[in-house]
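Both complexes below contain chain A, partnered by chain B and then by chain C.
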Partner chain A sequence: MLEKGKIDSNQAVMLMVSLVLPTAILFVPAIIVKHARQDAWLAAIVALLGGLLIARLVVSLSLRFPEKTLFEYAQTILGKVPGKLVGLLYIWWFLYTGALIMDEFASFLCTAIMPETPPVVLFLVGIAVAAYAVRNGLEVLSRYNQLLLPILLGLLVITFLLVTKDMKAERLLPVFDQSAPAILKGAAVPLSWLGEIVLFAMIIPFLQKPREAHRVAALATLFTGLFFAICTVVTLSVFGPNLAAHWVFPVYNTVRVVSIANFLERLDIIIVAVWVFGGFAKMGVFYYAAVLGSAQWLGLKDYRPLVAPVGLLLIGLALLCDNIVDLLDFAARAWPPYALIVFEVGMPLFLMIVALVRGKGESNA
Partner chain B sequence: MLKKIAFFLLLALLTGILSGCWSRKEISEIAIVLGTGVDLTEDGRIRLTVQIARPTAFVGGGEAGAVGTEAPASWVVSAEGRTVEEAERYLAMKVPRELYWGHNVILVIGEEMAKKGTRMVTNFFQRERQPRENAWLMVTKGEAKDFLETYSDLAKTSAQAAGFLTRMKTCYAVQLREFAEMLASKGVQPTATRVEAKKAGITPGPGQEKVFTAHKQVELTGAAVFKEDKLIGWLDAYQTRGLLWLKGEAMKGAVIVPSPAEPDKNVSIRILRGSTKVVPEYDGENLRFNVIIKVEGNMVDQQSREDLARPEKIKALKEAVAEAIRQRTAVALEKAQGEYGVDIFGFGEAFHRKYKKAWRELKDRWDEEFTRAEVNVTVDVRIREIGLLTRRASTEEK
Partner chain C sequence: MRWLIRTLSKRLFRGRKNQSRDARAANQTGDGNLFRAPRKNQVLSPDLETNLKAIKAIFDKCSDVIYREFVFAQNEQIRLALIYIDGLADKGQVSEQIMRALALEVPMVVPGQEITKARALEFIKQRGLCMHQVKETDKLQDVIHAILSGDTVLLVDGHTCAIINGARGWEARSITDPVAEPTVRGPRESFVETLRTNTALIRRRIKSPGLKIETLRLGEVTNTDVAIAYVEGIVNDKLVEEVKSRLERIKVDAVLETGYIEELIEDNPWSPFPTVNHTEKPDRVAAMLLEGRVAILVDGTPFVLTVPTLFVEYLQASEDYYERFLFASAVRLIRFVSMILSLTLPSLYIAAISFHHELFPTPLLLSIAAQREAVPFPVFIEVLIMELSFEILREAGVRLPRPIGQAVSIVGALVIGEASVRAGLIAAATVIVVALTGIASFTFFYSFSIAFRLLRFTLMVLSAALGLLGLISGLAVITIHLCSLRSFGVPYLSPMIPTTGVDLKDVVLRSPWWGMFTRPRLIARQDQKRQEQGLKPTPPKNPRP
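Moving on, here comes the complex of A and B:
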């Protein structure tokens, strides 16, 4: 086996939260509110329910082969060549989703605090740190995440509590103002992000108790989805549906509004901390999946030689993004349907059906 | 051993790289903007005026403020351009430090600029990362430049004075983000704080009558009324009270009512808190708003001689207060519905919350509908305390 470390269920839950949450929370309210307006929180809940289904599907599939990752059991199910093809697609998907995350990461830092720093510097620094974590294996990545995620989310929750003064419940009314299609449209993007849980299929074999995978995936999705909903409600009740959709990073603006007694204010940097540390974790997970997947695909005995080349590839892909408008457009319109239909639902469902038909794997999952 | 030395050398090197002093901004290299004003010049250009803190005046100066000719606390400077950014760049050629917007307390828009449209101004302050979305937005009669060129006797600078005045919500106060929210909504037309520079007070002292004559200081004088982003009129301080009651914001201030038995004398009730509820009623044709205002206040002043510390008198006072508040709202309503024809109270938002379907039809001609709407104001008053005095000291019994 390429990865010798094992992580426990708590670490896995946190890692799966970090897989989705860090970059998504900054963008997500604007994208949902744009379609669903006052009903954005409803859309977030719909996305959460959908996310739970995807998690169920992916884990059920993986647990038929508890010792194998997605790349390995794709070959078991489909045969060698088609299986390799599926693996190649997933490597591609991990790679450019990783690059997308880096672009989001850099464009926020460039916009909010470091306008003079060229993005490539941020890419290099980010990849260097992530590469170190990836090289040291899943356990290191998980522990880093286990240490920081609670602190980051705690800080975020505290700032949300501080902004309650500026919230107005009326901004959330009326409920069900938008049509069902609009709400579903708003739910599509967060659903596609929650669907990144597909990556869990790379990690299940390294759980200490793979049988808890269902619980892990469900908990992580539930937590992430609820956090989406909370972010959306907070942003909406501070800015109202008209303004919230206009910010590029609505949660950042929400935190900037905090001003208690003209003294406790300017807490923006908290968001930056959440973003930087969370961004590393998120980038790290995708990076890790891409590296491990490539190693398994190539049939290597050790994945470490691939860390540097894959990192360079990520930087190269990230540099393809020309500007933030392209990035936002890509992240909100191009990526979600494609990720959702092909990689998050379509492929796992296809593999599941073929596995059932051919009777591959254990059926007790 | 060599490895260890190399390690520590590398570590020492890292401290140089990682401390992040690449694009550092020392406090002595930045010009802290405290207040910003934007005017439209006669040839249609944008004039940006900034009030910059003079740091030396803030060092150990105590609470004395900007009194005296030796150390003014601020420096006011302007530049013109086609856009705010262009003006800012020209400004940068005059200001020997880097402009820093993070502490900008107020954004003042001159009358002509506001008439042309505020979007040309506010966009920069929302898009840029340094200016905060919770800066106070105000519109001045006349030019913003003149407004910023004043100084204050109590606060360090006039920008801070204006900031404090708005923050205490003595009058209608609105932050940039709230203004932007109103601008983006179809159910309410924006309003902003109206400010002016007027002569107020003197700083007395032996032999200083000549030195300190009254100079212009900042003052809140009501509200500015917008249609979309264009200024269309003003409310004075009295009408603004009505606006505040109907918007359900910042219930401070006093209500002056005639004394029950001696109507030529007045009684003052200071408002402690209040709430406003707007209940729309719509049957497909007739639009009605029932506004229920709840007020709680204390009696603080009495000119008449009668004994007001009696339940029936308090009851009469309550009714008088309710009537006075109704009058104020009526004045503001008359202005909004009659003269300006815009819904500055956010009744449209309340309507949207209750009648989702009808709103879809009405939202694009909401201001018309609003001007036709009937508004019933009900005021529920509670007078809680009467201060330290039961009745005024007087020789005759009454």
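Moving on, here comes the complex of A and C:
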């Protein structure tokens, strides 16, 4: 085993929430609102249902091979060479998504608080912190996340409560105004984010109780999806569909609205701070998956030598993206079908079918 | 990073290691010995002269060793000798209970059964000595150690056995108020430098045969007595084994303070955070033992180590448990906030002034800008100067002789605070920030605040370079580091992370005593139950006058 640590189910749930949430609440509400307008929260719930299905699929597949990660059982199912190919694809995907996450964070930070800082500095800082976490292993990464995620979510919920005086329920009306295809189109983006739960296949072997994996994945998806829906409802009821679709970071703008007694304002900077903590966690998970996966793919005994090179690769990939417009367009249009169809649904489904046909793995899961 | 440190430390310490290896080699071959040690298992000879000669040879040029030869009152043929160290043995006891009894006072003897040389030892042991602690040995090594420990050794001519009398008594500091951990409410006793007194202080609080105190000797030259205390039935047996094995691994020439041991047994030597706690309060040690920890006492120091150590321990004053729980929780909350302030306040100030002006409400920003108008330094330099001068003042306050203290505090307050602001060198807001940071770092344990003092400067540099992002990254790295720490197998941040629900009752808030049913789960593996449930006091419904 490359990883000696074990994490308990609570930590796994939190890790899987952090896997999706920190960048998703930055970008996704605006994209859904663009497609589904005031029915965006409906789209979020549709996405949640889809996310539950993906989680179910991935966990069922993994539980047929409870001791193995995605990279190891792909080879068991497909044979050595095709399995390695699938592994290579997933390494690419983890790397690319990791770079995308860094880009999202860097562009957010550049837009929100540090307009003059070159992105590469932000990448370097982010990778340095995440690399330290990854080097320390899964256990430490999930403990760090367990400490900070509740603070992140707590502060978000508090600020949502503080903006209640600016919310107007009629901005959500009329309900079901949009056509079903528009809602489904809006649901595709959050679904592609929720589908990142595929990465859980790398974590399941390190659960203290792998049998609880179904519960863990379902809980994490449910929580993330509902939080999505709440975020969209809050932004919609504060700004209405037109304005909400116009903002790049609607939730961030919602926080800026808070002004209590002319003293409790400018809370945005606190939220930014907490988001950055979350971003380290999210980046850390993908970084970890990429490093662990590469080590398994290469058949190494220890994944630590790969931490630095993979980090450099992540920085290099992140530098490919030029600006926030480019990034937004990619995240809204190119990434969802690519991630969703190939890596989040297509490949697990394919592996599952082949495993069933060839009778690989334990069927009792 | 790690290999860099490793190679560096190898380079740096290689010389020293070799040296000690040479010394050990010299010791084995016998030349360059520090003193003439007795051979292992060398036994005493029946001849008094030979024994005395051997002992005198060992204690050559030790002017504090006293040899007193005399004859037995019962039978003048029997020669006796007393050996002890002046200042370590209680002279009153030695002269009254040993000398007087043997040399002058003649105990009743059954006629016809005169004391012969052969029976002398037995007779002296049974009826001759008025001592309560008497031991016998025939090994020269034990004799030497007994003398060095302050015992009085009695040699009897014609016997290969020496009698060791436990008549220790030396000048020692009496038990006083704790200096480093003062309390308003709670026991005022603190440990002293004598191991026996310290173990007695613990024993007086835990009157149970379950309290075990094992001793061993560390330090090849100092031969310091070290005691391991734990409560059997509560402590995790594996923990005791682990502590013992870590202690037995230690091969040093001297153990003068628990700090020597601390550095040799801790889990992560490179961490700024201490993973072995120490205290000078017996009540705190007793409470620790009752939670399943192990205490390590060292002769010669009033500080006692306790392991395993958790992060939260440093925020828990013993007083928290003696005050009523609501107040105790509130105070602990303040301590928690001050901990965060003492770590981040200066760097937050730097980041806000140099990068994120929007953090301040407008009126405050204007007033700070007005103050800083005349200041010639960038804010980072300004804060750095103030922090450094505060550290210098603090260090001076600890080192300087008491009578000068007043002068330094006046100079410090006037020059650093008042004058620098008047002169327009430093903004008043900076003085406030630095002062608050300094005061906040005194609210929790001193050894812990040292870590925060070190990290504070790192964070200041980071936030001067990258603003809030630098501060956050620094904090994230500190958090990750804290998550990775363990103290004797127990995660440092537990019970917060990994979360053990029931143990959260005693972290930031302290639950009332009737709510503390269990001991900390990760420390005390056995006997989790602390007390009965349902102890919450309910006054009778119809109170009678």
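In the analysis below, the second predicted complex is superposed on the first by the 365 of 365 C-alpha atoms of A that agree within 3 Å, B and C clash if a C-alpha of one lies under 4 Å from a C-alpha of the other, contacts with A are read in each partner's own complex, and residues count from 1 in each chain.
We take it that contacts are C-beta pairs under 8 Å (C-beta built on N, C-alpha and C of every residue); 3 or more make two chains touch, one makes a residue touch a chain.
Fair warning: this is a prediction, and the values are worked out from it, not measured in the lab.
A.B. asks: Looking at A:Phe277, would you say it contacts chain B, chain C, both, or neither? Reply first, second, both or neither.
C.D. replies: It touches chain C, and chain B stays clear.
A.B. asks: Between chain B (first) and chain C (second), which, if any, makes contact with A:Thr97: first, second, both or neither?
C.D. replies: A:Thr97: touches no partner chain.
A.B. asks: On the A-aligned overlay, A:Pro115 touches which partner chain: chain B = first, chain C = second, or both, or neither?
C.D. replies: In the superposed model, A:Pro115 contacts chain B only, not chain C.
A.B. asks: Considering only touches as defined above, state whether A:Gln296 meets chain B (first), chain C (second), both or neither.
C.D. replies: It touches nothing on chain B or chain C.
A.B. asks: May I ask you to decide whether A:Thr221 touches chain B, chain C, both, or neither, giving the answer as first, second, both or neither?
C.D. replies: Once the two structures are laid over each other on A, A:Thr221 reaches no partner at all.
A.B. asks: Given the touch rule stated above, what does A:Ser237 touch, chain B (first), chain C (second), both, or neither?
C.D. replies: neither
A.B. asks: Answer with first, second, both or neither: which of chain B and chain C does A:Ser192 touch in the superposed model?
C.D. replies: So A:Ser192 meets neither chain B nor chain C here.
A.B. asks: I want to verify the contact counts: of chain B and chain C, which reaches more residues of chain A?
C.D. replies: Between chain B and chain C, C touches the greater number of residues in chain A.
A.B. asks: Return the residues of chain A at which the contacts from chain B and from chain C coincide.
C.D. replies: The answer is residues 113-114, 117, 262, 266 of chain A.
A.B. asks: Which positions of chain A touch chain B when the two form their complex?
C.D. replies: Going by the criterion above, the answer is residues 111-117, 170, 173-174, 176-177, 239-240, 242-243, 246, 253, 256-257, 259, 262, 266.
A.B. asks: Hey, which residues of chain B end up touching chain A in the complex?
C.D. replies: Within the complex, chain B contacts chain A at residues 22-23, 102, 129, 132-134, 167, 177, 180-181, 184-185, 349, 352-354, 356.
A.B. asks: For chain C, which residues are in contact with chain A within the complex?
C.D. replies: Listed in rising order, the residues are 355-356, 358-359, 361, 466-470, 472-473, 475-477, 479-481, 483-484, 491, 493, 496-499.
A.B. asks: Give every residue of chain A touching chain C within the complex, in rising order.
C.D. replies: 8, 10-11, 109, 113-114, 117, 121-122, 125-126, 128-129, 132-133, 136-137, 140-141, 143-144, 146-148, 262-263, 265-266, 269, 272-273, 276-277, 280
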